[in-house]
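In the two assemblies presented below, chain A is common to both, partnered first by chain B and then by chain C.
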Partner chain A sequence: MSGEGAVAGPVPSRRQVYEDRQRRRSLIIAAASTGAVAAAVMILIPRAPGWDRVQASFFNWDVFASTFPGLLGAFMTDVAIFAWCAPAIAVLGLLVALARDARSPALFPLRILGAAHTDIFRGVPVILTVYLIGFGIPGLGLPRPWNSPYIWGSLALTLTYSAYVAEIFRSGIESVHESQRAAAQSLGLSDRDSMRFVILPQAIRRVIPAQMNMLIALQKDVALLSFIGPVEIFRQAGVYKSLMANFTPYVGAAIIFLCITIPATRYTDHLLARQNRERS
Partner chain B sequence: MLKLLLCSGLTIAVTAASALAEDRCAAGKTLTEGKLTIATGNPAYYPWVLNDAPESGEGFEAAVAYAVAGEMGFSADNVVWVRTSFDEAIQPGAKNFDFNMQQYSITSERDKFVDFSAPYYAAPMAVLTAPGVTADPTLEALRGLKWGAVGSTTAVPKLSGVIKPDSDPLLYGDNSDINAAMSAGQIDAALFDLPTALFLSAVMIEGSAVIGQFPADREDNPDLFGMLMEEGNPLKQCVDAALEALKSSGELAAIEAEWLQQTTGVPLIR
Partner chain C sequence: MAKLSLRGVVKRFTDHTVCDGIDLDIESGQMVCLIGASGAGKSTLLRCINLLEPIEDGEIFLDGIDIAVPGLDPQAVRQRIGMVFQSFNLFPHMTAIENVMLAPRRVHRRPRQELLPEVTGLFTRFGLADHMHRYPDQLSGGQQQRVAIVRALAMKPELMLFDEITSALDPQLVGEVLDVLRLLKNSGMTMVLATHEMGFAREAADKVCFLKDGRILEEAHPKILFTAPCHPETAAFLARTLK
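What follows is the complex of A and B.
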């Protein structure tokens, strides 16, 4: 800004001057306190007696550099599994939520099925589902390639995650006020149409931030498929760990995951903030 | 007079004890003075340890452990067993064992971060095929199979380096998962050290067969098993000396013959 502009501009009020000074002051304090904490961490941790060994075991540059490309390659397996599981989970989750919301007496069995699905798959540890479906169903005698652990492992993930996702969808559906259904019906919309054109668009929009959290969780749980064979990033890191007796490959894997999850989490925060603004 | 006798008796006892301690290489180097703490897997597998009970001294590694302990001057009563996973064994910081025996292959990469004793067993790699799978013991025939292995073993680099299968191998956490994958028809064959392969085919996986072992002249084969120790553990020289003594006296070979004798007679892979 030129000196001329500053002269020509309005003279700041005493209040503005005071607030600017307060703002500068809190900025300086925040910077100083952050710097002090960072300096303390950087100076104190390396002074711990075991730091050399911890550093050699977890933060070894040579190990990191030699294993990172292999980890990135294995991460593509995670991405692929995620890419076909996520849409399947969304569809199945929505179907289960709709089944649990079925109001016609004839569809009561659907409600039972939906409730059983969410109860069972939310209650059973994911890893048991992965083992049971990944080894169990192919063990019934399916021929190759239909016994692939990729297929059945993905199904296990889909079943588990759709149970959570269905509950989130259901909470979204129930959060739409009953009067909306009544209004839709009074306009002559059928049950199905009022669900499709009135309830669901609002319900889905409301639960998107919550569903983003499920996506982030799924992204990490894809690694559970490694228990039944597929060599994804955690298995690959485990192989490197065993061969080199060093944990650094896990740090490499964590960095790759963070590169995905941190932007995804920030985006979720952003969506939530926008939703809160819209509501208020 | 009695006092004098007592006094001299005490002196003799003290000198004897200190002489024994001086004689002992391990004095002051073990976790607990006077005790030797040995770690094994959880569970420990046959034929390395029988019935998951290393205290019995039955099974190859359990027997070697007691022989080494005896050579180092520890009676069987002074051997303490603990269990660790692979990861616990390589974590930085103080260990809860003096040495760890669970078929650790000695490799130069691992040696940078932990110490190994001299090898106590040379294990050739062997091929275990699933029920109903037949293949000739040639690299050519093996390449076309669908492979599996335990992800934490040296079988993995062996697969990618020597067999070079046509499709990517599937990797598992332990032997029982390999068993499940074979029952599910997801893999045709898996790579193990020979004694483990023989045990799995005989006891665990019905209908499976050990169709071949890799000849000893290949690079990195056989795998040499060593006892894992914390990097820079001063006990290493005592353990090595004990193993050396067991080797030259023929006792190690006798233990091997007693617990792992059936390992011959498996065809070589060409």
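What follows is the complex of A and C.
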């Protein structure tokens, strides 16, 4: 053993010297191999026969610069739809999760409803739900503003996503150790209070990373509403594409999505990693 | 009249009979220890007394009133009986004092301010005054178990059940928890313990019951049971555990 003193002192220990050398070595190797791959991509792709055409129609700087502000503006519609759907999904998801575990016989209809909700909306592609609800309900001839595709599109997203979110909440509730329930009951707490003060707070904390993943997916699926009317970023990009006969606006839209989803995904991974560390 | 009387208590899980006609009387202020091999049914019996498990047959009298009547609201009964488990007692998302105050606040509807002096007093009495505002994962296993006891006491129970509360602890932490049990016994609490701590049962119990396959094979004062067991099974069990 080199001992604690050797590590803290000014002279690096034998092990430290070795590890530093290893670290420098791997850094150089990583840099060299990344450079080689990047160079290969940059040299080879432009040599592809269709590259000039692709570059002109997907990576046109002038088109990008002129459409980007408009896309960003349209993206605010996505953000708004996301902002009112997310809390609605959280609330409905939690209610469905609780309804599905309700034991009282008077609540039996709620249980059936909850089960039907999860089965149906997890079983149908989101885009189909958006179409059916987004076109179907306004088709009843409702007066303004009740024929707005924003309302029914948002409802479709909320119903679909709350089905998944409810299942995640349920898995969280089940993951709380059985003795926590027993401990709460033995104190004389009612089932309701046990759930509210003991089980749910622990369950919700555990499923936060999983729910974050649902939020990221929702952020992307908001673009599906473009099929029933709202001019959000995907539809706006389509408008620009037709106007300029160029696909670059789609690339711009993708970049805007990535700016949101990559940091959010990284943050979720970080939360998950921390949770796994804590539990081990 | 005994504080707690069990008459012919039967508990079955599907086809497996875990309590097979248990009779037991516990006088007010007595400490009774349940001993027996793993799987003998000690935990299950305690859970039945607290109505965490419904029983198939028999009666459980608390102060002469049958609490095992099917259809009775178990919540009111559980408020009169405190229970501490082997592990995972405390709610990890609450500090020690929040753990202790939750049930009095929700069940007895008593405000925090009114509870504070009383709860602080309990923490001090059990040597936990410095740990009131810590989260369970900031406490040692022994401290956690003591907080769990304080939490049960805050409901002012008439009867306390302990299910092997020291068996998940490091040996050097067992003593502090047993000290709390002694303190509690001296204050006159009626207590039922499932335990593997034979030394403690021998020293502190008023009565020791040896369970095997869901039956009480022998019950006696510890002086008698540990030195001159009547039943050969008891003798064999003691020989195995005390060697």
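To be clear about the criterion, the second predicted complex is superposed on the first by the 271 of 280 C-alpha atoms of A that agree within 3 Å, B and C clash if a C-alpha of one lies under 4 Å from a C-alpha of the other, contacts with A are read in each partner's own complex, and residues count from 1 in each chain.
The working rule: contacts are C-beta pairs under 8 Å (C-beta built on N, C-alpha and C of every residue); 3 or more make two chains touch, one makes a residue touch a chain.
Bear in mind the structure is a predicted one, so any value in this text is a computation, not a measurement.
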* Look at where chain B and chain C land on chain A after superposing the complexes, then choose clash or fit. => fit
* Asked: So, does A:S148 touch the first partner chain B, the second partner chain C, both, or neither?
  -> first
* Touch check for A:I45: first (chain B), second (chain C), both, or neither? -> neither
* Specify the partner with more touching residues on chain A, choosing between chain B and chain C. => B
* To do: Pick one for A:A30: touches chain B only (first), chain C only (second), both, or neither.
  => neither
* Asked: Now for A:V231: first (chain B), second (chain C), both, or neither, which partner does it touch?
  -> first
* Asked: Which holds for A:Q185: it touches chain B only (first), chain C only (second), both, or neither?
  -> second
* Which superposed partner A:S57 touches (first chain B, second chain C, both, neither) -> first
* In degrees, to the nearest 10, note the angle that opens at the C-alpha centre of chain A toward the centres of chain B and chain C. => 150
* **Shortest CA-CA distance between chain B and chain C [superposed frame, angstrom]** => 49
* Asked: Taking the contacts chain A makes with chain B in one complex and with chain C in the other, which residues are shared?
  -> none
* Spell out the residues on chain A that touch chain B in their complex, using ranges where they run on. => 50, 53-54, 56-58, 131, 135-136, 138-139, 141-144, 147-149, 226-231, 235, 238-239, 241-247
* Asked: Which residues, counting only chain A, touch chain C once they are in their complex?
  -> 177, 179-180, 182-190, 193, 197-198, 201-202, 205
* Write out the stretch or stretches of chain B touching chain A in their complex. => 86-87, 90-93, 107, 109-110, 112-114, 146, 148, 151-154, 156-157, 168-173, 177, 180-181, 183-187, 231
* Structure fact -> Listed in rising order, chain C residues that touch chain A in their complex are 47, 50, 52, 74-76, 78-79, 81-83, 85, 87-93, 102-103, 106-107, 148, 151-152, 155
